[in-house]
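Letters A, B, C, D and E mark the chains in the order given here, with residues in each chain numbered from 1 onward.
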Amino acid sequence: MGQQIDVNHLNIYYGSFLAVEDVNLHIAANKVTAFIGPSGCGKSTVLRTLDRMHEITPGAHVTGEVLLEGKNLYAKDVDPVAVRRDVGMVFQRPNPFPTMSIRQNVLAGVRLNNKKIAKSDADDLVEWALRGANLWNEVKDRLDNPGIGLSGGQQQRLCIARTVAVHPQVLLMDEPCSALDPISTLAVEDLIEELKSDYTIVIVTHNMQQAARVADYTAFFNLKAVGQPGHLEYFADTSTMFNNPQNEEAERYVSGRFG
Amino acid sequence: MGQQIDVNHLNIYYGSFLAVEDVNLHIAANKVTAFIGPSGCGKSTVLRTLDRMHEITPGAHVTGEVLLEGKNLYAKDVDPVAVRRDVGMVFQRPNPFPTMSIRQNVLAGVRLNNKKIAKSDADDLVEWALRGANLWNEVKDRLDNPGIGLSGGQQQRLCIARTVAVHPQVLLMDEPCSALDPISTLAVEDLIEELKSDYTIVIVTHNMQQAARVADYTAFFNLKAVGQPGHLEYFADTSTMFNNPQNEEAERYVSGRFG
Amino acid sequence: ACGDNVDPGHRPSTNAASISGSFAGAGASSQQTAVEAWIAGYQKTNPDAKISYNPSGSGAGVVTFLTGATVWAGSDKPLDDRQIEESKQVCAGQTAFDVPVYISPLAIVFNLHGVSDAGKHINMDAATVARIFDGKITRWNDAALARQNPDLELPDLPITVVHRSDKSGTTLNFLEYVKAAAPKDWKYELSENWPNDVGQGAKGTSGVISTIDQANGTIGYADFSQAGGMGTVAIKVGDGYTEISAEAASKAVADSALDESAAGEHRVVLDINHTTSAEGAYPIVLVSYDIACPAYRDENTARFAKSWLGYVTSAKGQDQAMKATGSAPLPDNIAAYVRASVDAMEVK
Amino acid sequence: MDQPQSSPKADQAPAIDFDKFSPTRSYTAARKRKDIAMRVLIILAFVVALIPLISVLWTTLVHGARRLNWDFLSHNMTNVIGGNQTPSGGYGGILHAIIGTLEITLGAMVISIPIGIMCAVYLIEYAGGSKLARTIHLLVDVMSGIPSIVAGLFAYSMFAILVGPGTLSGFEGSVALSLLMIPTVVKTTEEMLKIVPNDLREASLALGVTKQRTITKVVLRTALSGIVSGSILAIARVIGETAPLLMTAGYIVSTNANLFSGEMTTLPVYVYQEYSKYHANCPADAGSGCVTGIPMERAWSAALVLIIVVLILNLIGRIVAKVFAPKKK
Amino acid sequence: MTSASKPSSTSASSLTKPVSGEKADRVFRGVAYACGILILVVLAAVALFLLFRAWPLIGGNQQANNAIIANFTGGKATNFWSYVGPLLFGTVLVAALALVIAFFVSIGIALFISHYAPKRLAAVLSYIVDILAAIPSVIYGLWGGLVLVPAIYPFWNWVAEHLGWIPLFAGPAANPPRTVATVALVLAIMILPIITSITRDIFLQTPKLLEEAALGLGATKWEMIRLSVLPFARSGIISASMLGLGRALGETMAVLMILSPGLKYSFRLLQASQNQTIAANIAAQYPEADSIGVSVLIGTGLVLFVITFLVNLLARRITEKASK
């Protein structure tokens, strides 16, 4: 089961540059929340603070809180490695490990946590994760082939399988379909729909149709000008966001009048 | 005064790949001829055969004739270097020589060819060429500053000045404005309008409005499919091309229905 | 020339007979310091002669000499028959000759805390030397050593033998002594290469010295001029033990004969008497030769060669070398032979 | 998170007990320890590598500074007898070695920089990706791995065969060094030519400039700073070579300014020769001015000069690369 | 259109008139081509000149040759191959050991620079590594022979006492330790910068995406490096190591000034007079070699040339394959 996330007064910095300002946001468990907004407004940046990936950029840091089921991810005693195990992430461009087979890719994260896994357990897990990622039927005969031999869409689903195999509570996806063709995009969108019964999902997308299709809630980020910090402009459930937004900027954005 | 060009049965190859097939084309002296067409159809390729720049790509060659005032550029006894002195070229991205000042850039064609030129003659030439390129007033106080210190639009006009300074008969321009902002584009378009009294101009453009604005004649290139050779689909004076084309593909293209 | 170390006040006057030109020699590195001293001395009277010496090694020196690229060669080893034959090409039809110019005592140096650093010598007879260098005596408190050195407190410490790793005239001369004086304890053939696998090898005399410097319990052999402040072995000669010194070495050489088997004109090849019992003689010596032609094609070269060798073997020259390196001057009896050979050099 | 997990498609997929895969607390701790251990090891690797560097530099500085003075720099080794002082109050010096080093290195530069640059020009500007070019490129790489002693043997053999046996001269040393230098020059020039935008070549050609002038006046001119800095680094590399010069340029105590005739001493060879002397003799009657350990002191001082020269060359190379690089937009 | 009048055009153009500079163009092209070819010629010349000089020994009367070798080596070897054999063995042993030592340290430093150190520090460190590379080998020889040798004896002695049961470390440790172990250490320091700078560049090129993939799965930093960085850099690491190996194979002065040589097929790293390398042997024996002795040495140099040629060729091949 997924977990909920509460973001309180989050300011996000790259060095001394305040990239995103004062975000307050509730991400509901077992729902899909989409982040939309013009380029540079900080969607990816906010997403990456939710599993502390933000920190790996030198100089990057945050102030404020991100609570996962009430527990602050940024508390002193929290290990970012543990956070990333609970909060999985899928990236814009598929990134399977190039030297690993499909099977090894799926097991990569699990192997980190536990060296001794029985072969049969591993087999089960691989099947489960690949089925979960809607990829099993396409690859079951060639699990030992290299992961990068797959098509882009398959690779992206393989990355999703790899992520779900470590059994996170939350799945973060940063424009997971932007490098994919329409058919692969559809496959991934279907998958998101199915995954949300088990995970809390946050997805960044440039494609408003996609947000409208897959998200339960939508957060609209904006920025006043280039060089200014981005901020959360408007948050609503998806149908309100696209049909009847109570925010002028959001309305202009979703109707395609800017951005 | 500009010279006219006749292209007869020109086939253009990259190695063994036939990139453009059987082009027959008359380019009128002291007029602006625009090349339009979908990406990859061979506009740039054809343009580059007109001053034998095509040949510098290893393996590239042509069959057929290109006649400059009746003299075949591809005749055995013609030196491509001489051709390029008669037929100048301006490129898509402005490319002033980074080690040279504005003044040196303008004189590059003369100086690089080891021609001795008196200082006063050189001054005259620089002023003449920069005025010709509508740049004189903007740079006359800083002729010794580096050429790459200028803005994109200024750089492009500097490149034009550099080209006209060698007194070519024909000016070829490959999408000269595609890297420029609208205001710089306008400046260059104005310049083309003025230059055509002295030169024959051929311009490749993606921007149909631009072709309509500046060209007297327009050649529409097309290709049947990717990997197939491009060809000249339709040639007409510009008003015909955009208002009443006698070719179905051209009509679809200029009306924005494909490409 | 530029940067030369000359006394600006004392510009020597050039006499009419002085030699001018550039002359090169090459060969034994053992002679290097002596040659530098000779060059300095020679140039006092012949300031226009520019002389260089490349201490490239005896072998290379002879090779270069035989190509005609150098006027003379320094060598720790006399010429062999083949080389004598070959020399006709560069010696205007005659054969080259060798004369001893540099006689230096070879020290057996050691580093033993409590002995060498206290400035004390250690006594050894030839058999002990041979057995140490053959790895038969391996500890400093060996009975043979203790017996000969009742006054020393010898530690129970392994002996590390240090020998030359490169081909070397020093090795050859040292082994000549060992083989002659302790034939029963030294079975190896004479060679410029160290014959056994005992201990450590080091490149050049400097390598030997620095290796010995670096560890307690080491012993090796080196040209006396390089022995610096290190401990040296006193060698049993007759009934006593002789400490190393130039005079002692000179005595041993004076007690030696010429090697009559050396074929060729004007050659002065020494057959050192390593088993001398002359009192106060030190029998381990390195004899280094100069190799030159009795006649040269070029007159200026010939004049130089004759005057150079004359100077080098003169009492003045030998004294100069002794000051610079601690070498032993040529004993009078030998010097007479040498002078005869030099006098016979032709100057067209 | 502990309950057995049903899959999204429970009907087909195996049921997974995630407890089996979840990390034990001790394992998590072990991973953390390993992470820290590796971090420590990696930092340690660095510190360990620093020790010899500091030791080398420090030793050279301490030992070398003692005799490094103007007298040392302005005299050669003529008339230096044993450990005695020279008339100028010094103990000889390295003037001849500095001159030798400069001339021999200059000779190597004159040979290898034009050849190296022209070879790179051929590879990048003319040959395209032809098979010959690829072969040459590969061989250039391979050539950069030739041991310096082999380069020395080569020059020695070549001169012995072509000029005559026993020939030693500064120029012979230059030839040996060029063998080591050419590949470096070719490679850096190649890199520099590659990053000259093709636009510039086309711009120049389109002005009706011949290819030769395009290359010399536009392409090489634009790449100049990179080529200069690469060449300086190449010089820095060969200026410290010893072994090939021992057998080609020989050794001499006086100043020989003629690169083409007579032996020449270079700084590294000087260091080695002084090291080979180790001790100098001081006769009993020598005054307190006689120093037994002078050869080693000279060796260290010359080594210090050599290091300073090499470091300065490196620094200049870098500065040239940085400062004179064509400004990017 | 313009207020400045058009300066008179030089002349009416004619396409067939010879273009100025055409000849220079051809000459330049020819020179460039010649310089390219020169590389081939030079490499061939190296092999040929060496072969020519070594030929009296390799070809010619076998019996006479063996006598020469026996004479030259003082009876330690009886024919050319029994002379080169141990030298080659020593060369490879010393270089391989140096590589083993340098390998891990280099990778550590490279990782430190690329993934651990702050940016500023990393830049400084990179520079320091380059300084290490620039120090001439004769200075390493001085330092190794005079400073390191006496200083490191206690360590080798400790190794011999505690790890002596491993044949490699069989005691007693030579004192002074002018041994293969010490030489390998110095060579390791000398090849360290080569390996470091190449691997560092490759580590820095690791796609961010791959690193984030690992971190996103909950990998620690080290696990990220193992999962993403090292596999990505594998071929680069291999070829960098080969280059380092090539360098170590040919190093002369440091070996010459430190090692107590021997002509054995021996793995006793801590004992003196066991092995010798080809390069150092040439430098050591060259001065006392007569012309036939020089031929012997040039023969060994030829063997060294071939070995380093092959190692470098292999390294480049690996790089080339990886970059495809």
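By definition in this document, a contact is a pair of C-beta atoms (placed from the backbone, for glycine too) under 8 Å apart; a residue touches a chain by one contact, two chains touch by 3 or more.
Computed from a prediction, not measured in an experiment: that's the story for all the values here.
The chains touching chain A as well as chain E are D. Ranking every chain by how far its Cα centroid lies from the centroid of chain B, the top place goes to C. If each chain is reduced to the centroid of its CA atoms, chain A and chain D end up 49 Å from each other. In terms of their C-alpha centroids, the spacing between chain A and chain C amounts to 84 Å. Taking each chain's centre as the average of its CA atoms, chain C and chain E sit 39 Å apart.
Each of residues 29, 56, 63, 210 in chain C touches at least two other chains. In chain A, 81-82, 85, 112-113, 166 are the positions where the chain touches two or more neighbouring chains simultaneously. Residues of chain D in contact with at least two other chains: 31-32, 165, 210-211, 213, 275.
In summary, the structure contains touching chain pairs A-D, A-E, B-D, B-E, C-D, C-E, D-E.
Contacts from chain D toward chain E in the complex involve residues 31-32, 34-35, 38-39, 41-46, 48-50, 52-53, 55-56, 59-60, 114-116, 118-119, 121-123, 125-127, 132-133, 135-136, 138-151, 153-154, 157-158, 160-161, 165, 179, 182, 186, 210-213, 215-216, 236-237, 239-243, 246-247, 268, 271-272, 275, 296, 299-300, 303, 306-307, 310-311, 313-314. The touching residues of chain C, counted against chain E in their complex, run 29, 56-60, 62-63, 158, 160, 165-168, 189, 191-195, 197, 199-203, 207, 210-211, 214-218. Interface residues of chain A facing chain E in the complex, by the touch rule stated above, are 51, 53, 56, 58, 81-82, 84-85, 88-91, 93, 95-100, 108-109, 112-113, 159, 162-163, 166. If you check the complex, the residues on chain E that touch chain B are 1-7, 9-10, 13-22, 25. On the side of chain E, the complex with chain C involves touching residues 73-76, 145-146, 149-150, 153, 172, 174-176, 178, 256-257, 260-262, 264, 272-273, 284-291, 293-294.
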